[in-house]
Every structure is written in structure tokens, then in C-alpha cells.
């Protein structure tokens, strides 16, 4: 139970440079924790496209460097800062670290529940050190309690990919039996989106490429229809055909390019909702203004989730209705994982063990 | 009370050609009306950008030709088709004709209240003959009853421009005292938007150009802040300055070009709503995907309004809280009005008398 | 295909009197149909508590007599009135008759989608002759199209009990995984509510009495928890225990007495919703004002459903995810069914064959 | 700027006993403040029916005694507890104390924005000492910042009566021009409700008794219609007459007795909303279940407001559009104010000076 002075960590010295795996990265000590802070010994951490952006520094908002990346970790509280009042967690609790590392709970956006847009937000593995290390400093009010019934590895992926698609689906304004189109359905976010959509009683059109992903979406996750973009020339027509000519009621678009947005406005039904959740460095929303207006389409940006979204997403997964498909690797292989992510070679999620 | 066989009408023979003002255009006779149809003798009709698109044929959806344009008319019911059951209007009632001339009230979109997207919709002055004539055929279930307390000229403008901005504001998810940005605030749609926004208790940032429009927006309509785009270099910064650094809560964008959308995503507060109501022939929604997602911005297309929206918008105007600024011209000057519209030379609305 | 002059029908001559089963009740002939009307040859009809109220005349709103009751029928369109324009159904289509027999689609409530509260509403088997006959006159715009994949018997029950609980659940403001309490879960409405709630991803607390109903709710329908009111002294405490001390997020209360409402306000979580769907002749909402306010409870009356609700509820059932448990009886046993209903002796729904 | 050891305070030793005005009540000293706590020197405090309930101990939830009552105070921050992190206020700021003295910002209800129902809530002047003293201990995250443009006296009343009616109106689901009925329109809550309703563009039916209140509501506050309950036999019919036969769209009911609720269900339009905000010790919601369901009425409890509601309500008042009508009295007259409140003799609000 004693906390070491140094630890393993994956450090980015400068954006654009390679990640360095260190053995002697300092651990913040319990007596260095301020009121409201806590220290978490991590079991594991997910890896996500966002980490790649942090490492490349290609987003419009710059990361702080040097930086320990990572923002989907699960572990155990090992210390809480002195003079912390009314902590909802205690030493020994299993908790999760998500993208929003800290929000003030006080500014306008926090008061409205949009903690992701807190005026004083800290972002794990981006503006504050994240989960690619054995011990991470966090805040007692912000960590996500992890219930029984879910492994730390699964919970880690839910805390970012799961929360993101769950909140997007929750805000899509659907009723049960509505059709939702999920481009990238076989990927890290997509395979969770298929499952959350089924929990909500939606009918799912899984859009992705290849027989392996078809089998995942249709046979294992229960999607209602499949479109293989490598074989289908006209995705818009195919979505319309599947939905009896009327188009999908909603879509959750994670695409990094403009095309996915243009297409979704076309295959959505009048009055439909396009939930935009991807964060590409530069792409524009190249949808037609005419058809967005004429069809009463709502294009709604949805950025990760707040504490309540995280708890809801984790609890649903812990009930057994959403399963994470992930591959386990050691932390030291992070650089190779980045390479594979950059090339789109990762199926499901990658979770690193410490 | 007798209905003539012929009438004055402005006819487009082919898209792209000039409008012809005729004196001998046939009037649909009462015994030609089908069940559910009615004939309305018009007092006046508004002219709108949409009419220009109909005449040019530059929208992605082609108009029917030959065509009598016009979709904002007010007049009196003079006949109702035989075998019409349960008509909500009777001969002698003052009623309005709006863009949605007919919706079936039965298809999925109609059942959900999105009559504008009816599978069998007919559009006044676009796919069915409109209000640039003395007598127009319409449908008893769809005409808008016009209450006391508003002139036919004012009601005509409310039926298109008014309904459009009223519905957009109603769907913008604001609470009283929120800031709404209105680019084009001094124009046909904009000057009504300022007033509806004030009725809802919003604070208005009027954005437009020139002293005359400033005086209209600020002194006559009660906008809370003014930005002259001909003088202000950085509209985004100016909106932020006015709103205490935080950005507007909502914007109603009528712009024909992409720039207004890009800008709005930038000057909106996190969680803000961009109501898109303009129908430019070709422009794209060139907003940043990154910031739409990151700021949780909702870009919501809103296309005219349904029957209930029209009644609400007209009733608010009839209560005296929204006044239409319009210029009256005779029908025969329509061609010149089109020219001025195309050049952006029209202030407020133009209403044609028969 | 020829339409007879007379038919079998169950007629109430005066409220409070016994139902008479006739063989020579007149059939409205095709040439007697007005524009917009249609004639439906029924396959079957459900029986519902409302029919008992119609027969007893104990509701605050009196039924029209003499009356043919019944408001959950399914059959085939055999004639459509001359001069009917734009009918969404044609002769030969399978359609359903629900409680709202006719709504004008034009008044304020209809325009807002609250067709149940139409100013000119006609109620099947209450203010217009209903489905306890072989041929019923209806309206083309109002009948519910019945898709493949569901039997007429099952569809009949969905059209009243199913629509009622589906709409109530849809309006309860829940998110997936929320707890909903369903008093009367094993009954006609309740057993459908359990299933619709599961489709929406909710966790269900089934409240009813006896081993047979426990088995139905838990083993066949998949409820998550069971409370037997014949054995459990303190239902409020039991709901709280099941929900980890916090109370249910929503309840759908069909009870005929005040007690169910008082209790629900007590076992609901703060911010919870009580959907009230029962229509007892005289009972009062005897909930505590203090706790309704203090706990931010929403008590929402929800009365059957509109056309869209009916189509959604039927489509979900046709997808196989909601199954109706019913008993078939011949029309002539209606009087005995009323007796059993009055004594609470009916399990599931009763469907009469013609 | 030095903080005294003792102060004036109005203390309730035991519920049901008289209030004692003391000169030597201890002041919590800066070094006794825990992290997150602050000390506020009050300018003034409102008096409210709730204080009377605290003093009588007649609510279902018992107050803590001995107790300093009061929960609508405005003053200046004079000290902040050591080790407080990220305080949104600083010494010298003008802030308000409202009914919710403390909420944890962490539990389920807090995460959902229902801070009033926090699992660890502290209530000013009820479960923690309130504003009937010169110095009150509070929490930096919970105090309401008071902007320029509003007096401390006015802000005090807005913080309880204003927030309560503002939130209720905000949640009533109205659109501009809808009719809202306000029983008790001339009272402490009612006169603010009239004004907030007008800010939202609603049409107001003010219901109260006597010429003085009529003049206040109609001539000073701009209500659209007046019903004097001392003269009008049938309030339900009168509301219907005023609204063209259709009934009010919403009502905000503050009544202490069941009658106001029963009546509102009757005079509301189908689909209307009854916002319940009063907290009577014992009364029941004696509305008809039949008509609540049949008319699709929503009865929604709304209990004070959260931090964001408070800021919105105060900011609207500070913009000059809502004015508080109050009478100033010294703290020592509290006992007499209670007597007058109990007899319903107070017009507007009473604000006590220190």
C-alpha cells in the first residue's frame, strides 16, 4: 500500500515527437495533493484517437507538453488530499478517469450540466497528465465510481468511447423502433454504439467494411441491417431502401472527413438528427444548407459526456447489455499502437496494462 | 360576389424567363373545386426570395411550369368545393395562403406535425399556382384563419417571413434573457425576428449594415446591441464582447452564403444553437466539425412552419407586439421587384396589391 | 365481397341495461358513406374496462345510446365513401379501429398532435358505434394500417391497451436503465407495459398479486423485480429497497383508486414521473401536495394516443418484441366478459371473434 | 472590516415557541470556517411563508432547533475558509443566500441539476442557521452572485419567491402568447410571477381579491385579465371565457389548500400544465383523476430552484423587467410579521433590515 516515488509512464516531450517509455517518472505524493485531489493507482488504460491527436498536436487547441497522455483509465484510489470536504469516494474505491479530468462545477456551463465545456476544464492526457502511467492525480468530485459487474478493462473503454456514443444516442431524439445509421459500426466507438442503440430499442444500420466487421455487427451485436461500404456504391440509396424509402431517423457520425456528414444529411429522413461526435483536426461540415433546412435536419455536436452520462454508460455496460471488444497490450507498446491507429488497423479498442 | 372567368396574374412560362403580367388568366370556377378545395379572392400578396428562386429555377428541386408564383397571400374565401366535409372555414372568412399550400395530414411527417415535409406536399407558387393572381385555389384544412387586429398586408408577410423566424426562435432552446444573434436583422425576415425575439424575452444582437438599418433595429424594434458588418472587422469578437466574453446562446441564420454559418459556430457560446433558415441554391455548411462537436453546438435546419406555427405567429402579430415594415406596389411591378431583390435593394418586405 | 344489410351486433339500449346480442342490426351501406368515411368488416375486437364504463354510464361524460360498444377492432376495408380525396387506405387493406374514431385534424388540439382532445372527436363505442358488430363505419384518415407480422387479435389489444401504455412510457422522461414501477403489471395494460418498458431499455418493477402473475411478469416478460401486493406490507419501502434506496424513476399508474397515486408519489425518486393513465369514474388524486412539490414529482395524465402513437405501438408489436396475452371468445359472450371484468377476474385481454 | 464575536439574531429555541431577538448570538469566526465555507455579512433578509412553517414545525420534515430562520438574504462575503480551492467568489463580493444553503454537487440529483433534492442538502433557516442574523455562514459554491442593477432588498425577494415562480414558468411548456393563470397574483410570489410571465411573452390572467391587488396586477404589472375571487362565483367559467372558451395553457398554483388544484385542472386547456409550487403542511392534490388523464393535464411539482435558476431569475430582475414590491421593517419586528403572514395580511414581500 505504500506509494513509490517513481513509476512507469509514457511521456511526450514535444508534440510530433515519439512517446518515451520511462521507468523513473515521478509519482505525485499524498502530501502534495491539494484539497479535492486524489491519487489513483491504475489497473489499465484505453488508447483512443484523441491520444494520437495529443501526440501529433494537430488539433486547433494545443496540448500541454511535456505530457503523459491517456484519458480512459481505471484503478483504485490510494490517497485523498488533506482538507478535502465531503468526498464521494474513499481510499480503496475503484474509479475511472475520463477525458474531462476536472471541471469546476461552478461556472455557467457546469451549472447547466455541460461540464465538458467548463471554463476551467482540465483534460486528461491533454492539458493535465493522463493515464499512460501507473499513478495518476485526479479529483474526488470528478472520478467515475465503477460498480461491480464490469472489468476494469471494459470500463476503461466505456469511459471514453462508450460515454461518447451513449450520450449522442440519448440526445438524438429517437423513439423505440426508429432507425439509426452507424457509420464505422465495427470500430472502437461504433461497436459500442450498436449495443447502446439496441438497449434503447432502436433498429441499427451498421455501416462498415469487410466480413469480419459484418460478423461482429450482425451476428454478435445484433444490428438489424448491414452496409459494406467497400461493396455498396450508393450508401444513401441503400439506407433508404432498408428503411422503406424514408431514410434513417438518426445517425451518429464519427467520421474524420466531411463525406460522412454530407452523406448523412442525404440519407436521413426529414426531421432526422445527425449526431456529430468525431473531432477531426481540420475537416468542414460540407453538408448542403438547402437540404439541411428543407428537410428540417438537426446536426448536433456532442462532445464526450458529463459525470452523469459516464455513470449511466458504465452502469448499462455493468448490467451486461453492452460488451467491449478489446485487445490487451503492455504500456510499452504504445508507440506501435499509435502507428496502427494512424493507419486505421485497430479493430475494437486497445487497452494497455500497467 | 360573382366570380369572373378571367383575372390578372403574373405567369412564369419557363424558369429563367421573365414574368408575364396577364389580364386574361383563367379563374378556377366553384364547380371545378374538388372536395376539400376552396377558392380565395386575394387582397394582396407578399414577395419573397423564394419567388425569385422559383422564377430562376436554381434550386435543387425544380418548380412546375408554367407557374403563377407567390406564397404569402391574404384574402377572402369565395367558394368551397362541393362534398367538402367539416370545413374549418366558410365563405366570407379572411384567410392566408402560405408556402405549404397543401399537406395530406396523414403521412408520417404530417402525423408528427412536420407538414412542411408531407410526402404529398404542394408548395404555393412553386409546385401549385400561387398568390400572384387575383383568385387562388387552396384547401380548407390548410388556409390560415386571419384574426382581427392585423391588416391583410401585414398578415401576408407574417405568413412566410414571420412564421419562418418565429418557428426558428421557438425551437432554439433559449430561456428568457439569453442572447440571440440575428444577422440580417434589418431585412425582411430579420426585422420580424428581432420583434419575435423580444416578445420571448431574449436579448437581441442585431447584425446588419448602414445607419437606416441601425435605426430600425435599435430605435424602432428595440434590439439590445448593434453590429454594423460594414464597419466591424471581427464580428465574432464583437459578439463575444457584447455577451461578456461568452458568446451568443443562439443565432438565426438566413444567409445565402457559407460564411454566416462558419461565423455563427464561432460566436456561439458552448451548448448554443444555430437555427438555419435560409435556402441558398448551392452553398455548403462550411462550419468546422471540430468546433461544432467540441462546443456542443446544435445546427438545426428549420423550414417555414406548420399550420400551428402560422397561427401562433399571426396571433402574436395581431396582438400588436410584432409590426411588419413593408412597401406596397401593384402586381404589375413584380418584375422590377425581382430585380431589386436580386440586387439586395429591398428594405423590409414588399407587398403587392391586386 | 357483397355487403349484407344486417349483421350480428352487441347493442346497449340504455346505460345500465344489459347488452343485447342482435342478428339483424343494420349495416351502413357503401352508398350511405360520406366523403372521408369507410366501412370495415371486422375480424375481431378487444374488450376493455372502458366498454364497461360505457355500458354502466358511470363516467362524468355520458355515452350516446343506443350504442354498439367496442373500440379495439381489426378488420378489412370493404368500402370507401364516394368523393373521398387522397385516402391513405384502399379497399382490401387491413386496418384497426381505436378509441379515437374520428378527429378533425384541424382544431388546435389536432394541430398540436393531441387528436384525443379534438374539439369534434368521436369515440368508438362511446359517442359513435364501435366494434362489437361485424361491420363498423369509420374514417379513412383515422383508421390504423396494420402491418404484416401481427395477428388481428394481437393488434386489436395493442390498439387500446398497447397504445395507452406505450405513449405513457414514451412521455415518462426516462433514460435507459431507469427503474419504472408498474402496478397491475400482470393485467391487460400492465403485461404490455412490461414489454414496452423492456424494449426501451428500462428496468421494470412488476407489482401485482399471485404466483401466476409473478410467473408471467418475471419468467415470460422479463421484468427485473417483483412485488406481490398480497404479501408485501409496505410497497413503498420495497420499491426503495429494490432501487438501492433511491426510488423508481417513473411509474405508470392504471389504478382505479386513489391509493395507487398516493403510493407512487411516495416511492418515486426525486424528479420522477408518475404517468396517470387510468380513468376511474370518481377517484381523486389524493397525493400529498407537499411531497409532489418537494420531490419535484411530475404527475402527467396521458389519455390513449394519437395516430402516430398507434402506428408506433403496433409496429413494435409486429417486430415481435411485444406479445399480447389474450383469450378468444365469441361476441355473444360479451355480457359474461363484462361480469368478469367488473369482478377483476380477467387475466390478460379478452378478444371477441365475430 | 473586523468581524464581531456576537451579533443580533432571531432565534427559535423550539418549534412552536416565539422567536427571540438576541443581541449576543455568536458569530462564526473566520478561523472556524471549513474549506469551501464562507461568512457573509447580511444587508437584509426577506421573510417568507416557509419561515413560518419552520417556526411552527408543521411540515412533514422537521426543522433543526435551536434555529436561526431566514433563507432570502443578501450581503457581502467577509471571509472564506482556509484551504478553499477554486472559489467563484472572493471577499467583498455581493452574494445572496437562498433556501438551498448547501448541496454536494456530486450526488445523482446534483449531477442532474436537481440540487434542491441533493442527498446532503442543507436548507437555510431550516436545517442550518439562516439569514435572520447579521452574519451567516455559507458555502462559496452555492451563494448566488448578485449583479449590478438590483438593490439588495429586491434581490433578497427574488432569491426565493422570484426563483420559485421563474423556474415554474420556465418548466410550464408554454409558447409565447399562451395564457397562464396566476392565482394569488397580487401576493409575494404572484406579483413576481406576473412579471416573469410577461417577460416570456405570455398572456396573464391574474386571480386575486380586492381593488388594490387589481390595480397592482393590471395597471402596474401589465396582466392581461383580472378575476376577483371575492366577486366571481365561477372562476373556472371566467378563465374559459377570457381564453375564448378553451381554458388556460398553464397555471402556477401556490395555494395552501386543495381547492386551487382541483380548480386548475378544470380551467386548464387540454394538454395544459399545472405547476405546483406551494408547500402546504397537509393538503392533498384533490384533482379528478378522470379529467387529469382525459385532458392530458400535466401536474408538475417545482420546488424552489437550483443555482442556475437563481442566477437567471436575478439577472432578469437586474435588467429592470421585474420589480419587487416590498415593505422594509427592522429584524426585531419578525414576530409581528409572522402574525401578519399567518393571517394573510401581508401584501407583496417583507424585507428585514439588520
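Labels for the chains are A, B, C and D, by order of writing; each one numbers its residues from 1.
Operating definition for what follows: contacts are C-beta pairs under 8 Å (C-beta built on N, C-alpha and C of every residue); 3 or more make two chains touch, one makes a residue touch a chain.
Computed from a predicted structure; not experimentally measured.
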> Any chains in contact with both chain C and chain D?
Replying inline: A, B
> With residue numbers as the basis of comparison, which of the pairs A-B, B-D or A-C duplicates the interface of C-D in over half of its contact pairs?
Replying inline: A-B
> What's the rotation, in steps of 5°, that superposes chain A's Cα atoms on chain B?
Replying inline: 180
>> Using Cα averages as centroids, what's the distance between chain A and chain D in whole Å?
In response: 41
>> Quick check: what residues of chain A touch more than one other chain, meaning two or more?
In response: 108, 112
> Which of the residues in chain B come into contact with chain A in the complex?
Replying inline: 59-61, 108-109, 112, 114, 116-117, 246, 258, 261, 270-271, 276-303
> Which residues, counting only chain C, touch chain A once they are in their complex?
Replying inline: 170, 175-177, 196, 199-201, 312, 315-316, 319, 321
> In the complex of these two chains, what residues of chain C are touching chain B?
Replying inline: 34-36, 83-86, 88, 104-108, 111-113, 120, 141, 306-308, 311
